[in-house]
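What follows is a group of structures, each given as structure tokens.
Below are two complexes that have chain A in common, paired first with chain B and then with chain C.
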Partner chain A sequence: MNTTAFTGIRAWLVQRVSAVAILAFLVFALASFWLRAPAGYAEWRSRFENPALQVATLAFSAALLAHVWVGLRDVLLDYARPAALRRFLLGALAAVLVGLAVWTLAIVLPLAA
Partner chain B sequence: MTPLNRVARKHLEDVLLPGVGASIRGPTCGAFPAGNVGSTPNSVQVVAFMPGIDPKAEAKFRDGVLHVSVARRFGSPSRAIRRRVTASESDLRDSIELLRGEVRSPHFRRSCVLSQDPDSSKIEATLRRHTHCRVFAFVPMSSRRLVFLNVLRIGMPVGAWTSIGHRISGVVLAASVPPAAWLLDLSLRDPAGFARVHALLVSPFGKAAAIVVVWSLAHHVLAGLRHLASDLQIGSSLAAARRSAWVANVGGAVVAIVTAGALL
Partner chain C sequence: MTSAASRMPDPKMRLSIFRFDPERDAQPRMQDYEIEPGATHHMLLDVLLAVKAQDSTLSFRRSCREGVCGSDAMNINGRNGLACITPVRTLRSPVTVRPLPGFPVIRDLVVDMTRFFAQYHSVTPWLVNPEPPPEKERLQSPAERERLNGAYECILCACCSSQCPSYWWNPDRFVGPAGLIQAYRFIFDSRDRATEARLDDLDDAYRLFRCRTIMNCAEVCPKGLEPVSAIERIRLKIARAGGDDGALHTHPPIVPR
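Entry: the complex of A and B
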């Protein structure tokens, strides 16, 4: 993954749009927990068998990972020296985030089957 | 703009641009001589554009006084004398007073007492293309540059706490993503996994982690909403920005304390 992905004005926009998406999902998730906490495994699992929640979960994780990328990239650019270490850490971060995206798919997609 | 630069610009305004405010964009057309002020971390630069200089300039530093002399000829096309001296406020005021008397004389001489000794070996007068005279007097970086980075003793304004809190909470939340993914995976796998997740979350460690994550989330969301409002130019005045910073700081802490009370 190119470590200059989502930079400049695009990073700014990605950060804002993803922030709103994340917040919307969190408000929805907290509200649904508040209204009715899942009593057990069966109920918890049946919730996630709803395609709408699967799509929402995938969208949430995409927004979250993009948000994490922009945020942690800013942090690494500020503190990680020298440049070689910074490049390594940015590459490692990108690899972890791609791995997390694949993991999320591996969690959600079997539920849809 | 440094305070020194501000002072310099104010005095230059009196000398160079009577009745006209000096600005970074340069003086008004027709003002004589045109001038500007710039600064670097270790010097203040006064630029005066004057009609014609001889290709000979001298700069000496002796007994704490910087001497600069440039011969000037009338009748030649517009040329520039660029002086660059490092000076305290009073030094600068004196030198600009001198400039007042010199702008129409054939010789440009300056003797300037410096409050800090420049590096004598680094004073130089140079001419470029017989038009620009530049005199540099460098003061060693360490004597002018503000170096005070003890974060424990710097008085942080409330917005700075919100900002560093936003960053710390963001890192905490990012670090909690993989464990959260693992918990979600485990809880959806089978009833045993669900039970294990439940047991983990109600364990003392799980509760402590939950409180940290809840504080991070609350602070990050409140400070983030503050950012979004700021992007829309809402609450950008100093008073409003301080109020919203307090709301974010205190709000995050209150949510964390309430959560702790509910869990423990």
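Entry: the complex of A and C
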């Protein structure tokens, strides 16, 4: 696991920019569900047929995964010892996040088809 | 020793001091002392010197006894500070005195500062300027000089780095607040020409970015400096997002109680 590729100031900026993106999407999503709650699955699904919402959902997911990566990587760099355990945990974390990214795509992309 | 009972509600002062002699002890221990503070015992260092007069085996560093040299940094009732500028009158009794946390103990309150100074040296703490020096001196405008305020006052006592959890976990790779406020001092010096190299050196996962803005450094600095704001300005400078706003913030120092 290469921990230097996504590090230093870039990781720091990613953490902050993604935090803003996550917050913006959550405020939008919660407000829209609160103001106009979907009556059932059909309405929920038709709402997600809007390409703008699909793009926003993907952007939110990407921001969330990037944010989780930077934050948990920081925790592991601080606390996980020895180095072999840290490398294993970083690899496991990366695998889980990639899995979640694939799963998200598997859910959102068929909606666009 | 003269009695100060007329001024002190509790004439005896109780101390619990960390003791460790690597040649004799397998484990460190806390040793209790009772001292009758004299009229001249204003600061904790005065009391520690009285303890040492009673028990000469107690070891600690001290030099200037007025908060300038930074030798007598120690952990006083859980908070790092300089014994020589910690008033006895407001200290909670018994006073628990331990060596700087996170540093290897050499003996009693004396810690090994080798790694701390290695981190300090790693930031190239001197001016780098290959241009031929002018006849008299390299001049600065008052505004340029102002940027160094809040950083140049650091006495390298290590109170901040020793109270920084990020430094506890990675003292070999994270420069720590003391080293980083020195890095700031040269990055933002108008006479220095190595700014890019200095910023590049800090832009990795460990050297600067282990700082999680915990702010213990600003909390315990006996000079009231705020290494955390120096670190923030270096981050912004690396991100080309400013970071140059005159003097660093400072605050009245908070002494251990």
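Observations, loosely collected:
Operating definition for what follows: the second predicted complex is superposed on the first by the 111 of 113 C-alpha atoms of A that agree within 3 Å, B and C clash if a C-alpha of one lies under 4 Å from a C-alpha of the other, contacts with A are read in each partner's own complex, and residues count from 1 in each chain.
Rule of thumb we're sticking to: a contact is a pair of C-beta atoms (placed from the backbone, for glycine too) under 8 Å apart; a residue touches a chain by one contact, two chains touch by 3 or more.
The structure displayed is predicted, hence computed values, not measured ones.
By the document's definition of touching, of the two partners only chain B reaches A:40; chain C does not.
In the superposed pair of complexes, A:104 makes contact with chain B only, with no contact to chain C.
When the two complexes are overlaid on their common chain A, residue A:48 makes contact with chain B while staying clear of chain C. More residues of chain A lie in touch with B than with the remaining chain of the pair chain B and chain C.
Here chain B touches chain A in the complex through residues 167, 170-171, 174, 177-178, 181, 184-185, 187-188, 190-191, 193-195, 217, 221, 224, 228, 231, going by the rule given at the top.
Per the touch definition, chain C reaches chain A in the complex via residues 166, 169-170, 203-206, 208-210, 212, 235, 238-239.
Residue ranges on chain A touching chain B, taken from their complex, read 16, 19-20, 23, 26, 40-42, 44-45, 48, 64-65, 68, 71-72, 75, 96, 100, 103-104, 106-107, 111. The touching residues of chain A, when paired with chain C in their complex, are 3-4, 7-9, 11-13, 74, 77-79.
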